[in-house]
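Each of the two complexes below includes chain A, the first together with chain B, the second together with chain C.
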Partner chain A sequence: MSIMSYNGGDVIAMMGKNCVAIACDRRFGIQAQTVSTDFDKIFEMGPKLFVGLPGLATDTQTVAQRLKFRLNLYTLRENRAMKPKTFMSVVSNLLYEKRFGPYFIEPVVAGLDPKTNEPFICSLDLIGCPMVTDDFVVSGTASEQMYGMCESLWQPDLGPDDLFETISQALMNAVDRDAVSGWGAKGYVIEADKVTIKTLKARMD
Partner chain B sequence: MEAIGHAGTCLGIIAEDGVLLAAERRNVHKLLDEGYFSDKIYKLHDNMACSVAGITSDANVLTNELRLIAQRYSLQYQEPIPCEQLVSWLCDIKQAYTQYGGLRPFGVSILYMGWDKHYGFQLYQSDPSGNYGGWKATCIGNNSSAAISMLKQEYKSEGVKLAEAMKLAVKVLSKSLDITKLTHEKVELATLTRDGNSCKITIMTATDVQKLIDEYEADEAKASAEKKEKEKASKS
Partner chain C sequence: MRTNNMTPEWMDSEVSTGTSIMAVEFDGGVVVGADSRTTTGSYIANRVTDKLTKVADYIYCCRSGSAADTQAVSDIVSYHLDFLQSETQEPPLVRTAAHLFKGMCYQYRDQLSAGIICAGWDKKDGGQVYSIPIGGMCVQQPFAIGGSGSTYIYGYVDSVFKTGMTQEECMKFVTNSLALAMMRDGSSGGVIRLAIITQKGVERKVIVGSDIPRFYEG
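And now, the complex of A and B:
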């Protein structure tokens, strides 16, 4: 039994043309038993900044709250919204502080720069090593399956609707092959002028 | 307390549908670089803002501390800090500086405006001794006593909407400031309202402030013209 697969859960983020999408499954379980089917792992940190926190559920909640704390103080002091790249550093710092007793989550950050609206995605490991890519990032118990799906489905410069289709198909089919993930999915498409949130009904098992 | 008596005026008024803080900006100097956005009014949390009068460096330290206190409460209880608790916490810190350690007290008076689900819209004032009180309308800083007496006469506690309160604030400020004419560069106005389920803190733009000032001056001109008419009529 691995701690990272105790509760189960996955998050994918993908880069599109002037937009990003981030999606997660909605299962919360204790090993084999499913406890809740509306446990979202994506949290809004800013109007165009989202973070996905798959892994141990208690750490998902705690890290989300602590990140909001740091982000709120930054916004109040600097009087401006935090850039996604800066947020990545905040997450990395918070995780490395617990280097020898870590939070058991592997976050995914997705957002648009508040001023230039440039899209940004990245993922980090549980002790804060950041990885910035320009295609897609995956994290969770079905990560191998997600890598396979994304690699075959993703193409550069997808528009918001196509991007949503792609990310949904990638996530849904990957979690269907994983026992501790699934029970629905939630996808966010973040564009310069709006954020679209869609809840998907997948194989509810 | 001396420094505060000479500092830029701040006044706060509670209305039925919101609270407002108005502050006089003292540092309007031609050579001063206009780097930052808000001089005297600080947002503390989604549901609270404050305005300071006194030693600016002390004020910075205190507002920082206020923001940290509010965030820590929010982290622990996952809900916004009730207004009185934030004020009382900071005042405990301020009081400690008057009793222990041989340090000097913070030379700042602060006006806090906020909303919480227990008591609705609130306005508090705290001073360097750590004393604080809840008010319906009050003023700190330069000429505050004149402003308070004017507020006492003009303030109506029932049925005042925010727009009326803003007009009152402009009126009181213009009468109690030392300068002859009120312009938008010299005044900062911030309001706190409830928008559905959340609080909205708006720092008014220069154009909106100027509009209020113009309206006030138009009303004043009309009132003094009417007075002159009456005097002429009574004389003849």
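And now, the complex of A and C:
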């Protein structure tokens, strides 16, 4: 039994034209048993900044709370919203502090720069190594399946609607090949002027 | 956490039919049902598996546990029944098939990981369901459930089952039970496969997608 697949769960983020999208499955399970189907793994850290935390569920909750704490203090001191790239470094720092007893999550960050609205996505490993890409990032128990779907479906400069369609199909078809993921899905499309949140109709097995 | 291993987790995991299986007897035959998911570790290797295996013209078995073990055992039982049919010039009895399964599952109990439900129709005793769980015991029951998903529906089946159900009622009973098990068990899912075995023969059905009943989805 692997700690990273004890609860199961996945997150994808994709880059679009002047927008980003981030999506997750909604299962909370204990090994093979599904306990609930409303356990979201994406958390809002700012009006245009979201973080996905797939992995061990207890750490999903704890890291989300600790990150929000650090972000709130930053906002109070600096009196401005945090940039996504800076947030990535905050996440990296928090994880590396626990280098020899880590949090069992592999986060995904997606957002737009608060001033310039430049889109940004990145992922990190469980000890904080950041990886910035300009196409897509995936993390979770179905990561191999998600990589296959993203490589096939993603193309550059997709608009918000097409991006949402692409990320939904990539996530849903990947988790349908994973026994510990799925049971619902939620997608966020982040644009300069609005954030659209949609709950997807998914297989519940 | 898998450290120092370059291959994906599923390459070192045994293929298992995690599973939810069920069989119910009615006057004139049996209804057998199963989900369709096969996993290697947590990767779903086959999402449309057929776990209802014919061992004789009027006898099917539902397989759960190790895919390799159950396929091997049912192939051997199928061979024995075919041989018996040639010798006796009569279709084999369901209890014979069940006892052949039992014999093998008990003798090789330390090496096998197989939970089998053997069900069918014969002229002597009509519809019968035999449960052969891990360890190799054999018991006849009016209905049987098995596989990892069955643990989630013991309460449901005990509260809903009644004797004297019609064929249609049995089909609904199996469909609803398996749908509930597939919802809760990560190792079960896909489509619901049914087989209705009567004197007339075997009718196979598949229930897919939105036709699968949905209940409270928490």
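To be clear about the criterion, the second predicted complex is superposed on the first by the 205 of 205 C-alpha atoms of A that agree within 3 Å, B and C clash if a C-alpha of one lies under 4 Å from a C-alpha of the other, contacts with A are read in each partner's own complex, and residues count from 1 in each chain.
The definition used in the following text is that contacts are C-beta pairs under 8 Å (C-beta built on N, C-alpha and C of every residue); 3 or more make two chains touch, one makes a residue touch a chain.
Remember, predicted model here, so these are calculated numbers, not experimental data.
*Asks:* Looking at the overlay, does A:Phe69 come into contact with chain B only (first), chain C only (second), both, or neither?
*Replies:* After superposing on A, A:Phe69 lies in contact with chain B but is clear of chain C.
*Asks:* What's your read, chain B or chain C touching more residues of chain A?
*Replies:* Per-residue touch count on chain A favours C.
*Asks:* When the two structures are overlaid on chain A, which partner does A:Thr116 contact: first (chain B), second (chain C), both, or neither?
*Replies:* neither
*Asks:* One more residue to check, A:Asp176. First (chain B), second (chain C), both or neither?
*Replies:* A:Asp176 contacts chain C only, not chain B.
*Asks:* Quick one: classify A:Ile3 as touching chain B (first), chain C (second), both or neither.
*Replies:* Once the two structures are laid over each other on A, A:Ile3 reaches chain C alone.
*Asks:* Based on the superposed arrangement, let me know which partner A:Thr37 touches: chain B (first), chain C (second), both, or neither?
*Replies:* In the superposition, A:Thr37 contacts chain C only.
*Asks:* May I ask you to decide whether A:Asp205 touches chain B, chain C, both, or neither, giving the answer as first, second, both or neither?
*Replies:* second
*Asks:* Touch check for A:Ser152: first (chain B), second (chain C), both, or neither?
*Replies:* Neither partner.
*Asks:* Output check: A:Asn79 vs chain B and chain C. Expected answer is one of first, second, both, neither. What do you get?
*Replies:* first
*Asks:* Which residues, counting only chain C, touch chain A once they are in their complex?
*Replies:* My answer: residues 1-2, 8-9, 18, 35, 37, 39, 42-44, 47, 148, 152, 182-190, 214, 217-218.
*Asks:* Can you tell me which positions in chain A touch chain C when the two form their complex?
*Replies:* Per the touch definition, chain A meets chain C at residues 2-5, 8, 29, 31-34, 36-38, 104, 141, 144-145, 176-180, 184, 203-205.
*Asks:* Chain A touches which residues of chain B in the complex?
*Replies:* 36-38, 43-45, 64, 67-68, 71-72, 74-75, 78
*Asks:* Given the complex with chain B, which residues does chain A contribute to the contact?
*Replies:* It comes out as residues 65-66, 68-69, 72-73, 76-77, 79.
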